[in-house]
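Both of the next two complexes hold chain A, though its partner changes from chain B to chain C.
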Partner chain A sequence: MSNSRNSRRTQQWRDTTIPRRPLLWLAAALLFTLPALLGTLASWVPFLFLFALVLKFWMEPRGYRLRSTSLKLILMALTLGAIFLSYNTLKGIEPAVSLLTVLVSLKILEAHTAREFQVMVTMAWVLCLCGFLLSQDLAIAFCLFVAFALLIAALVQFHRGSSPGAFWLPLATTLKLVAQAAPVVVLLFLLFPRINTGFQFRIGDLHAAMTGFSDRLSPGGIEMLANSSDIAFRAEFPDRRTRPAGPMYWRGLVMWHCEGLEWRAPYAPASISDSSRQYPASDKAIRQRITIAPHGARWMFALDRPFGIPSGAMLARGNYLYSVQPIRKSRRYEVLSSTDPIGKELGARERREALQLPASISPAVRELAGSLAARNSGPRATVASALQFFRTQGFRYSLSPGEYNKNDLDEFLFRRRTGFCEHYAASFATLMRLAGIPARVVVGYLGGEYNDLGGFFLVRQADTHAWCEVWIPENGWTRIDPTTAVAPDRASLDLSSFLAGRIASGEMATGRTAFVTQLARLPLVNQIRLIWEALNYQWDTRVLAFDADVQDVLLTSLGLTNSGPFPLVMQVLIVVSALLIIYAGWMQLQTRPRADRIQALYERYCQKLARIGVQRDPWEGPSDFAKRAAQSLPNASECVRQITETYIALRYAPGPTAISLDKFAKEIDAVTAHR
Partner chain B sequence: MKAGKFPLLYPTASFAGLLFVLGAMWYAASSQNSPAVYLLLFALTAVFLVSIPHTLLNLADVTIAPESAKPAFAGQEVSLPVEIMNCSRATRRGIQLVVPGRGGKRKHVDCIPAGKAARVTLRFPAKQRGEHRIATLRLTSTYPLGFVRVLKKFGSSQTYLVYPKPSGDPRLPMHRARSPHSRPQTELAEGDDFAGVRAYVPGESQRHIDWRAVARGQPLMTKQFAAEAEGSVHLDFSALRFHGAEERLSQLALWVIEAERVRRPYSLRLPNTEIAPAVGEAHFHRCLRALSLFPGKEGA
Partner chain C sequence: METMFAQPIIPADDSSVTDDVDAFVKQICEVIVGKNHAVKLAVACLLARGHLLIEDIPGVGKTTLSQALARSLALAFQRIQFTSDLLPADILGNSIFDRDEQRFVFHRGPLFSQVVLIDEVNRATPKTQSALLEAMEEHHISIDGVTYELPEPFFVVATQNPQTAVGTFPLPESQLDRFLMRIELGVPERASERAMLLGMDRREMLKELKPVISPRTLIEIQDNVRKVHASAALLDYLQDLLDASRQRHNPGLSPRAGLALLHASQAWALMNGRDMVLPEDIQAIGITVMGHRLGHDIEQPGQSGRTLADNLLHSVPVP
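Coming up: the complex of A and B.
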C-alpha cells in the first residue's frame, strides 16, 4: 500500500514532457546570450544561471522539476533580495536584466510543458534584445546572432517531434530559413521607416565603459591607455587611398592651462569665428572619413590640422574639432585637413594664455629655461637646444616611468629622467613658456594600423599621444614632438610595433608573456586579426551607423520620403509579400510530385471505366480492380487484362521494359471501342 | 480522399508571445534609435514571415486514406487506422491528424519521407450505438517554427459501427429456448471442454483471453469452451421484460457475446429482423450489427 503510494508520488514528480533535444538547443542559445550580459549582471547571477542549466540536465532524465509553489516563491524572494543587495536598488536596466536572467534560471528549473517551452523561448528572445541594448560590439553581436539561430533551431526541433533523427537537421532548416530571410531583413532594414516613438529611456552608465583620454593631461594618464586595445576611431582617405606622407598626427584637443607636469584644456572652448579661419590651397587638403567610437566626451579627431567642419561640430580655439553633443554613439563624419601650419598672427589674449605659468615653478627649472633661452637668440634655436637637452641628458622613454605628481617637474627633469610622451610634452611646453615662447600641448593619436581589406586606418587608444606646439613668428604654430628626441622611432611606427621592437631588443620588460607576443606576430594570426577588424569596420559603418537620420538621407536620395511613412510601409509590405509568394512558388515547384505519364495514362483509363460504370476505390490495387472490372464488364475483360498487365509491367518491372508508352496509350484509347 | 479547396492558415498561441517580443524590440529600437536592435527586430520578423510559406506548404501534396474502422462497443474506443501519404518530393515533418468533434487526441507524425506513407491509428470514444459517419478529418501542422498552423480538411464518407454497450444479466435465457430440438436446461454451466480460440472482440470479458498466446506475441484471442448444454438459444427482443429499447439491446448484446463465448448456436429476433441460429464470427458480427442498427435512439 505504502509502496504504491510512494510510486505514485514518484510518478507525480516525474512528468517532464519537454523532449531533451529542443532543450539542448535552447540551453545552447541561452549560453550564447550570456557574454552580452556578463558586464551588466550582478556577479553571482551568471553562476546561478549556469547552475540552473546544469541542474536541469541532471533533473530532466530523472524526471524531477521544481514544482512546489511555496519553494518557488521563497526562491523568488531570495533572489530578489540578493539583487537588491547587489545594486541597492531595483530600478534601472542592470537590476532589470539581472532579474530577467534570474527568472529565466528559475523557469528552466520549473518548465515541463510545451507551453512553458514557448515561454522560455520568448524569454530568451528578450535576453537577446537586452544583450543588444547593452553592447553593440561585433563579437557580442555575433554571439547574439548565434543565440538567435540556435533559438530557431530549438523551435524547429521542438515542432519536428521527438523521433530520433539527424542532429544537424534542425540546423539545416534554420540555415535555409535564415538564408531566405536575409533579403527580407536587408529590405526592411534599409527601407522600413524608423518611426520614432519619442519616448526615450536612458540606459544607465553607458559611458562608464567608454575609454579615451580626458581633458586633463596628468602624469600617468596616457600610460593607462597604452595597454588598451580599444578602438578610438577609424579613418579612410576617400580621395587617395594611400596614407599621407610623414607620420600621422591625429589632433584631438589642445591644452592651454599649465600646472607644471599637468596640463588642462578649457572646459568650454571658444569657437574660432568664421572670418578668422584660414583656408589652405585646396590641392593640399586631405579628405578623411572618420568613424569615431563613442567616448562620452565632445572632442573629435582629424589629421593635424583640420579646417573643414563636419556638421554638428565646431572648430575650437586651438584648431581642433569640438562636437556640439557628447559623442555617446558611433558617429561618422568627413573632414578636411591640411599639413601646413596655420596662423599668421597671435592675438594678445592668445599670447597671454599661451604664456600662462603656475607660481609653483622651482628656481632650478627657471634657471634651466633661462639657460636654454640665453644661449640662443631666436625661438627656433631655443627649441633646438631644449630638444638637445632631452637628447643628451640621459632621458629615457618608458611605459612605466613610476609615479609623478603634478609638481614633480624637478623630479622628472633633474633626477629620474624617465617618462612617457605626456611627461615630455608637458615639461617641454612648460620650459618653452618659461623661455618666453608661447606654447601649448596637443593630445591626440599618433599613427594607426592600416587594414588592407577594409582600406582604412585603425587607431586604438594605445596610440594616444601628446605633443607640443610652439609659436614661431614667421611660421605660426609649429608642431614639436619632444618624444622623438628621446625615442626617434616612435613617430614612424605605431606604439605596439614600437614596443614590440623594444621588447625584442631587450630594452623593455612587458606585461604580456613572450608566448602571446610571439603568437600575435604570426602572419596567420595577424591576417585573422585584420579580417576581424575589417568586419568590425563594416559592422560599425554599415549597420551601427545606419540610424534614423542616415536612413532619412537614403530615402530622400531614393525619392521615397515625399508621401510620408505609411505609403512606404505599404510598398515595403507589398515587396515582402511578393518575395514570400515567390518563395512559396519556388518551394512548391521543388517539391511537387513529378508528372508521371504512366500514372496519368492509367488514371485516364480509370476515369474511362468509371464512366462506363466501374469505379476504382482509392485503396484498390490495379490487379484487384482489374478482376472486379472484368467481372462487371465481361465484354471488355480482355482489354482490361491487357492494359493492367502493361501497366504493371511498366510501373513495377525492375529493369527497363521493352513496352513502349505509345502502345500503352493506344490500348487505353481503344477502351471505349470495347464497350 | 478529397481535400478542401484551400488549406487554412491561422496563428497559434505562441504567435502571441512572438508579437510581445516583436513589440518590445520595436519599442526599444525606436526609443533608442538603435540600428542593432532594429536589425534584430527585422531578423526575427523576416524569419517569422519566411516560415509562413514553409508551414503552408508542409501539407502540400499530403493526402490521407482512412481504412475501415473496426466496430467497437459503446463506451469504448473506436480505432480508425489512417494512412497519411506524402506524394511530394520533400520530406514532410511535424504533421498532426485529428477527427474534429469526437473528443479524440490528435495524432502526431514526426516525419514522412518523400513518396512514402505513414500509418496512424486515431482513437476516439464510441459514445452511442449505431452507424456513424466521419464527416471530416483534419491534417494540421505548425512546422517549422510553430507561429502559424496550417489546416487541411478532408471530406470523408467513411462510416464505423458502434455496437450497443453490453450490460445486464450474463446468464443466457434458458427457459426461452423454443427450439424443438433443444433439451430442457436448468442452468447453462460454463463448459470445461476447451473448444479452440477465436479473435477477441473488444468489449468482452477478459477472463477468457488466451494470455499465454499473448505472451508468445500473438494477437488477443478468446478461449472458447464447449458447453455441456447443446442446442441453440433464442434471443428475442420482444420477449424481454425491460422497458427501454436501449436496455433490451444492451442485454441482447451481452447474451450474444456470452453465447458466442461458449459456442452455443444462437438466433436473434428483433421486431424488424430475424437471424437464424448459428455460431461463429460472421454470425456474431451480423447479430451485433443488427442490434446496433436497430431504429430508435441512434447516433447520427
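Coming up: the complex of A and C.
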C-alpha cells in the first residue's frame, strides 16, 4: 500500500525538463529583446535577467529549479522592494517594464513544463511589445524583429519534440511563416485604422531634458552638444537645383534678451502677423522637407529665413518657426525659405528690445564698444571693425575654453580670448547693442552631412551653432557670423570634420580617442554608416511617419472616404477579408498536387482527340489509347506518341523527372494544329 | 501486350535481363505452338514468384508447358499425379524407422523440388490439396514438429480439368488464392495445330531442351521484378479495381489478390522492357490474376470468374 503511494508520489513529483534546443532559441530571443528595454530598466535588472538565463542553463541538466513557494514569495518581495527603491514608486512605465522583466527572469528559473514554456514565449512577446512601446528606432525594431523570429523558431523547435533535424530547420520554417505573414502585415500596416483616442503614453517625458539646445544660450551650453552625434533633423531639398550655394544656416530660435555673455529667448514668443510678413520672389525660395527628431521643445528648423509656414506652427518674431505643440515625436514638414536679409522697417518696440542691455556691463566693454562705433560712421563699418577686432586681437577658437560665468564678458574679451561660437555670437551681439546697432542672437545648426544614398542632409546635435543678426537700415536683419572671423573654416565644414581637422593638425587636444576618429575615416566604415543612416531615414519617413493623416490621404486616394472609425473598420475588414480569400484561393491553386495538374492536362488532350473523333474509354490505358489514336489519326501519330511518352514519364515513371509541365502543356496545345 | 513503340519508353536498367527472358519465352513457344500469350503469362507468373494453375480440358499441352518451363530453367523437376486416393504423406514425405540407427528418419517426398508439376490437382481429396497450402505460401513444410525448408526458387505448376468434369474435388477458395494466376491454353488455331502435327514429337523436343536461364539469374530477375516502379497513379488504379470488386462481388478481391496484381504486372512490365508499371500491364494480366479469385461469387453463381474480371477491367476508369 505504502509502496504504491510512494510511487504515485514520485510520479507526481517527477519533473519534466525543457529540451535544450528550444531553450537556446528562447534565450537568444530574450537576449534580443534586451537592447530595446535597456534604457528603461533599472540598472540592476539586466544583470538579474542575464544571471537568470545563465543559471537556467546550469540548472536544467541537473534538474534544479525554483520549487519552494516560500522562496518564490521571498524573491518576489525582494525584487519588488528593489524596484521600489530604484524608482521610489511602482507606478509608471519604467517600474512596470522593470517589474515585467524581473518576473520573466524569475519565471525562467521556475519553468519546466510545456505549458510554462509557452508562458515564457508569450511573456517574451510581451517584452517585444514593450520594447516597441519604448522606442521605434530602426536598430531597436531590427532587434525586436530578430527576437520575434527567434521566438517562432523556439516554438517550432519545441513542437518538433525530440525528433532529429538540422539546426536550421526551425529557422527555415520560421522564415517561411514570416514570409507568408508579410503580405498581411503590410496590409494591416497600410489599412488598420489609426484611431486617435487622445490617450497617449507620455514616454517623451521620461527622457526629460531631451537632446538639443535650450531657450537659453549660456557659456558652455553648446560645448556639451558638440560631442553628441544624436540626430537633430534631416532635410531634403525636393527641388535639387535650389539647394543654397553657401553655407547652410539652419535657423532654430532667436534670442532677444541679453545678459552679457548669456542670452535668452522669450518664453512665449509673439507671432508675426500675416500682414507684416514678407514674401520674397518665388524663384529665390528654397523648398525644404524636414524630418525633425523629437526634442521636447517647440522650435522647428528651417534654412535662413522661413516664410512658408507648415501646419501646426507659427512664425515667431525673429522669423523662426515655433510649433503649437511640443515636439515629442518625429515630425515631417515642408517649408520655404529665402537666404536674403529680411525686414523693411524696425518697429519702435522691436528696436527697444533689440537694444536692451543688462546693467552689469563693465566700463571697459562700454569703452571698447564706443571705440568701435566712434571710429566709424555707419553700422556696416562698425560691424566690420568689430569683426576686425576679433580677427586681430588674438582670439582663439576652442571647444574647451574653460568656464565662464554669464558676467564674464570682460574675462572673455580682454583676458582669455578663447571661446566657442556661442561666446563669439553673444559677445558680438552685446558689443553691437552697446554700439547702438540693434542685434540679436540666432541659435540653430550649421551645415550638415549630405547622404548620397538617401539624398538628404543629416544634421546632428554636434552641428549646433550660434550666430548674430544685426539691423542694417537699408538691408534689414543681416546675418553676421563672428565665429568665421576667428575660424574661417567653421562655416564651410560641419563641426565634427572641422574639429577632426583641428585634432589632426595638433591644434586641439580632445577627449575623443584618435582611434575612433581614425576608424570613422575608413571609407568602408563611412559607407556603411551612410547606408545605415539612409535606411534610418527611410524608416523614419516612410514607416514611422505613416500616421492617421498620411493614412487618410492614402485611403482617400484609394476611394475609401474616411467617415469615422467604425465605417472605416468595417471597410477595412471587408477589404482585408476579400484579399485574404483571394490569397487563400491562389495558394490553394498553387499548392494543388502536381499529379492533379498532369491529369488535368492529359484530360484536356483526351478531350481534344475526342473532338477530332477518337474517344478514349475511361478504362483505357494511355498506351493502348495512343495505339488506337495513332491508327485512326495517322497524321497525328507522331504528336500522339510524343504526348503519350511525356505523360507516361510524368505519371508512371520512377523518381522525379526533369520534364516540365509547361512543356507538356505546350505539346498538348499544339494538338489541334496537327489536324 | 505489345508496346506500340519501337523503343521502350524508358529502357530497363539491364537489357540482358529482357534478352534472357525473351530467349526463354521463345524456346517454350517452339514447343507450345501458337500459344504465345499464354506462355508469356506463365513466364510472368514464374518471374513474379507466383504459382501457376493451368485449367483446361485434357490434351491441350498443359503438362508439356510445365515440363518445358522446368527444363528451360535447369531446375530440379518433380511431377506428382494427383489421384483421389493420394495422401498428404505421399507428397510431403514419410518418417520411416531406421533399424540400424534406431530412430525415425524423414524421407523427403516429391514436393522437395524446385519446379513441382501437380497434374490434375482437383482429382485429389481436399485433405491432400490442403497439404500443399503451407508449402506454396511459406516455402517450407512442417512434419512431426520439424520444419523443412524447400529449395529456392520454388514454383508449383498445377493443372486441372474444368470443374464440370466428373470425379473432381474443386479447389477451396483459400487454395485458389495461393495461385498467382490461372491460365487457359485452349485449342490451338488451325495453322498452329497443323504445325504441331507436322513437327517433331513433343516428348522428343522436351528431351532436347537446353536450360536458358540459370537458377541464379532467375533469382536475380525475380528480385528485379519487385523493383519495377509502381507510381502513385498506378496504385490508385489498382486500388480502384480492388474497391470495385469488393463493391460488386461477394467476396471481392483480397489484399493478397492486390499484391498478386501488383507483382504480376511488375513482371509483365519487366518482360516488356520497362522499369515502370502501366495500367495496361495490369489489364494484360488482370483476367488471369483475378479470374480464379472472383469465380465464387455467391450472388452471381452462374458467372465465370473470367467474365467478371473482364467486366471489372472494362468498367473501372484509369485515373
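One rule holds in what follows: the second predicted complex is superposed on the first by the 532 of 675 C-alpha atoms of A that agree within 3 Å, B and C clash if a C-alpha of one lies under 4 Å from a C-alpha of the other, contacts with A are read in each partner's own complex, and residues count from 1 in each chain.
The criterion applied here is as follows: contacts are C-beta pairs under 8 Å (C-beta built on N, C-alpha and C of every residue); 3 or more make two chains touch, one makes a residue touch a chain.
From a predicted model like this one, the values you see are computed outputs, not experimental measurements.
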Residues of chain A touched, compared between chain B and chain C (which is higher): B
Partner chain in contact with A:Y652 - chain B first, chain C second, else both or neither: second
Which of chain B and chain C A:P306 touches, first, second, both or neither: neither
Which of chain B and chain C A:E620 touches, first, second, both or neither: second
Which of chain B and chain C A:P269 touches, first, second, both or neither: neither
Partner chain(s) touched by A:G444 [first = chain B, second = chain C, both, neither]: neither
Touched partner set for A:G318, first chain B, second chain C, both or neither: neither
First, second, both or neither for A:G419, with chain B first and chain C second: neither
Chain B/chain C common contact set on chain A: 618-619
Chain C-facing residues of chain A, complex: 595, 599, 617-624, 626-627, 630, 641, 645, 648-649, 651-655
Chain A residues within the chain B interface of the complex: 115, 118-119, 121-122, 125-126, 128-129, 132-133, 136, 141, 144-145, 148, 152, 155-156, 158-163, 165, 173, 177-178, 180-182, 184-185, 188-189, 192, 194-201, 203, 543-548, 576, 580-581, 583-584, 587-588, 590-594, 618-619
Parts of chain C lying in touch with chain A, wherever the complex brings them together: 1, 3-5, 9-10, 229, 231-234, 275-280, 283, 313-319
Residue numbers on chain B that touch chain A, as the complex places them: 1, 13-14, 17-18, 20-21, 24-25, 27-40, 42-47, 49-54, 56-57, 60-61, 65, 67, 87-90, 93-94, 108-111, 114-115, 142-146
